[in-house]
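Next up: the structures, one after another.
Shared between the two complexes below is subunit A, which pairs with subunit B and subunit C, respectively.
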Partner chain A sequence: MSVGQVRIRVPEKAKAGEVVTVRVLVTHPMETLQFKDNKPVMKQYNFIHRVEATYNGRKVFEAEMTQAVSQNPLIAFPVKVTEPGTVKVTFHETTGKTYTGEAQIRF
Partner chain B sequence: MTSGFERSRRRMLRLIGAAGAAAGAISLGLAIPAIPAGAQQALGMPQDEEKVADTMKRLFGNRTIQDAGDRLKVDAPLIAENGSVVPIKVDAELPMAPDKYVKNIYIIADKNRRPLNARFSLTPDAGKASIATNIRLASTSDVRVIAEMSDGTLFGVTREVKVTVGGCGG
Partner chain C sequence: MGFDWRGMSRARRTALAAIGAVLVGACAAVGTTVTSKEWQSRASVESQGLLRVVDGKTIQQRYPYGGFGTESFHEWPTYAYGGPEYFPPKKGEMPKNIKGDPKKGHALIRASAKGPCTGCHVIPDATVWPAGNVGPDLRAIGARGLPDELLYQIVYDPRVIYGPDTPMAPFGASGMWTPEEIVHVVAYLQSLKGNPPGQPEKVTDDPHWDPRTRPVVRPDYGDPLDITANPALGFAQDIAVPLWSKAGPKGQSCAGCHGPIAAPDAQRPLGVIASMVGVGARYPKWFAKYSRMMSVEDFLAVHAPETTGHAMPSQGDENLAMSILVRMQSNGMPYAIDLADRNVQAAIKRGEASFYRRVGQRGQACAHCHTARGGGNKFLGGRFLADVEKDTMVNHPYWRTNWLRVIDIRIRMQWCLTPLRANMLAGDAPEYADLETFLVAKQTQRGDRVMVPRLAH
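Right after this comes the complex of A and B.
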């Protein structure tokens, strides 16, 4: 389990026009606020703040996340597939790093 | 059971929140002067505590939120043993046509320090508005799920989730 490992699950086979559910899991600590003397510690926290998904290069899904999303975020979203192709999911971390995963949708 | 203690501590936190934010802003300036100016550097920095009413106002202005009823199916546990992993599933029985579709789905937890948990943006290419994720809840709280249509109409559903152990790091 290394940070930034992206795992994507899609149905094995899809039909044209079908709505498939893409399930993505990324290994990430999603740091929560630390408190000292009941005040949040002012520092840059490392968490994923944005997720983008494309299907054959076309943007299909986007999410804005906060620290109130669990560690190792799991996200499921729908994509209507019209032709076989690649789902690509990119996670943007607050440090500027990005993590990407890909999955093939076959017919 | 820590819930009683937890609750009073949170109330305390809320009281100190305003003072803390002010002090934080000062210490921020002093402690991290090396960060360059620009929108990017704010990423990951703690933001001020926010009341849920303020969050709603910030996100939706004065638009009314219609009760979604059966049109928004929210799958959330009644009791979450661990507030740091609360699975939420949203299924919207709302149109997904190119001229009218579910543009955004917001998940808002009333009693979190920053109530907005996540925002999911969809396009008509999604085919159906259905998302799932795991969220953190600080304490027993109402969770609001709000779907925003492309024409600005808002549909909302509220679920109470009881939390035995809070999960927002303090």
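Right after this comes the complex of A and C.
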């Protein structure tokens, strides 16, 4: 599985004013702290530290993550939708790379 | 379980050997199969279990994850047909000149490198976590007035006392425990008088500690057909879906013969391949061309190179992903292997014999953990063991939540061999195909339905 695949699941149809649940899975190793001779290895660890979501360009969700979150993190959050549109979720990795996925919510 | 297999496997082996002797060389004869020695493996390198010599020591190359290790047990029996048998029950002689030390015995009985005994037996020690109940509760065994020699023999080789079908390993006779270590354990066991005397001591109020009162939890990991819940779907979508329509070196693609992937439905979220609906439920199948049973994974490993020219070694990522895509086309349909085929019937018999075959240094069989006589529906430490008569669960490949990867039934079988201290065969070994046939035959008879990819621990 390639790193950074973002898969989003939203209801196929929603009504105006409805609160829908957006489920997002990202494929990522979420590198954890390594030890050598009982001492933590000092290095740049590669894990997702921030995730943000927009709906039609408007920020609707933002969260911070740490190394304590497991490999291939799954997040779910509610969004109140007033018009049809695109939910866009972006994951920020500690190396500076970002991974983005999109899904359509229709009325 | 309603049948007695004491001595049965030996009779069956003798019969098989007689048939084999008559039919040597006649590959096409009904009731015989190629063996792993004759089969040219198409498995991925890590699945082949190659023996290598490193610093003068033989190791077996296995998977780099999951705790497979590399220690080789090549001198002990494996599932390979025609290999050595496990040694017969052996009487032990308790050393008279060593005085048993219950303290040393206590440390040994819970040492994980020595069994551990506490995986199957309860001892009065609240720090044992988690205890199992495959074997009897030992908390008051010292109150029963059993002779030291008897307890020594049970640890040395229990088959002498309980008969050949005992699930317990011959820890002394196999060389895993020294006579001195057994003497210490006997001294410890004799010190367990119970509290009140003769009754198992209640060492903690935690209901999870005692395997008899521990709740059996079958965790719900979410909807396995939801791509955001089951990473195996993403795995198959990334690898198998593009591969299905990609032309191989011979210019042909899977879709060229089997048709394109159409729109998804509820059971097949990666898309429907009309020609493949119901196919996965009929495997393992007998292939006269190769004189063996083949699962979807085994067949892909020979079929893809022959048709598209693209190598798809079994237990490799592409093979696992393609197997998911093909097998999930049968989701919701009952398993339906061809029980009327005489070659399949012979494979079920061979698979059943393997199921009861003692392998590895521990000399334990599948049956010792997975039938009601052994550990079926009981706790081995914290693991709740499946009973072959109730839930064979051959819905493989599945997403293994603790390894965070897709594994198939062969990797699952190969993994079991590390704790049995046995060497694994290549993942596409005909012996494993027969074992899988034995399991899927039970699922076919029970009417179990296909559900791939599963989400499980």
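Please note the rule applied: the second predicted complex is superposed on the first by the 107 of 107 C-alpha atoms of A that agree within 3 Å, B and C clash if a C-alpha of one lies under 4 Å from a C-alpha of the other, contacts with A are read in each partner's own complex, and residues count from 1 in each chain.
FYI, a contact is a pair of C-beta atoms (placed from the backbone, for glycine too) under 8 Å apart; a residue touches a chain by one contact, two chains touch by 3 or more.
Nothing here was measured: the structure is a model prediction, and the numbers come from that model.
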| query | Given the superposition on subunit A, are subunit B and subunit C in a clash or a fit? | reply | fit
| said: Output check: A:7 vs subunit B and subunit C. Expected answer is one of first, second, both, neither. What do you get? | reply: second
| said: Contacts for A:86 in the overlay, against subunit B (first) and subunit C (second): which applies, first, second, both or neither? | reply: neither
| query | Is the number of subunit A residues in contact higher for subunit B or for subunit C? | reply | B
| request: Would you sort A:74 into first (subunit B), second (subunit C), both or neither based on which partner it touches? | output: both
| message | Between subunit B and subunit C, what opening angle does the Cα centre of subunit A see in the overlaid model, nearest 10 degrees? | response | 80
| request: Give one of first, second, both or neither to describe whether A:100 is in contact with subunit B, with subunit C, with both, or with none. | output: neither
| After lining up the shared chain so the two structures overlap, which partner does A:27 touch, if you call subunit B first and subunit C second: first, second, both or neither? | second
| task | Figure out whether A:66 sits in contact with subunit B (first) or subunit C (second), or with both, or with neither. | result | first
| said: Tell me the contact category for A:46 with respect to subunit B and subunit C: first, second, both or neither. | reply: first
| said: Between subunit B and subunit C, once the two complexes are placed on the common chain, what is the minimum CA to CA distance in Å? | reply: 6
| note | Interface residues of subunit A shared by subunit B and subunit C, listed 23, 70-71, 74, 76
| query | Touching subunit B in the complex: which residues of subunit A? | reply | 19, 21, 23, 31-35, 38-47, 49, 55, 58-71, 73-80, 94-96
| note | The answer for subunit C against subunit A in the complex is residues 226-229, 231, 234-235, 238-239, 404
| message | Please output the residues of subunit B touching subunit A within their complex, sorted ascending. | response | 9, 12-13, 16, 20, 23-24, 27-28, 31-32, 40, 43-46, 84-86, 89, 109, 112-114, 116-123, 125-137, 167-170
| said: Please output the residues of subunit A touching subunit C within their complex, sorted ascending. | reply: 1-2, 5, 7-9, 23-25, 27, 70-72, 74, 76
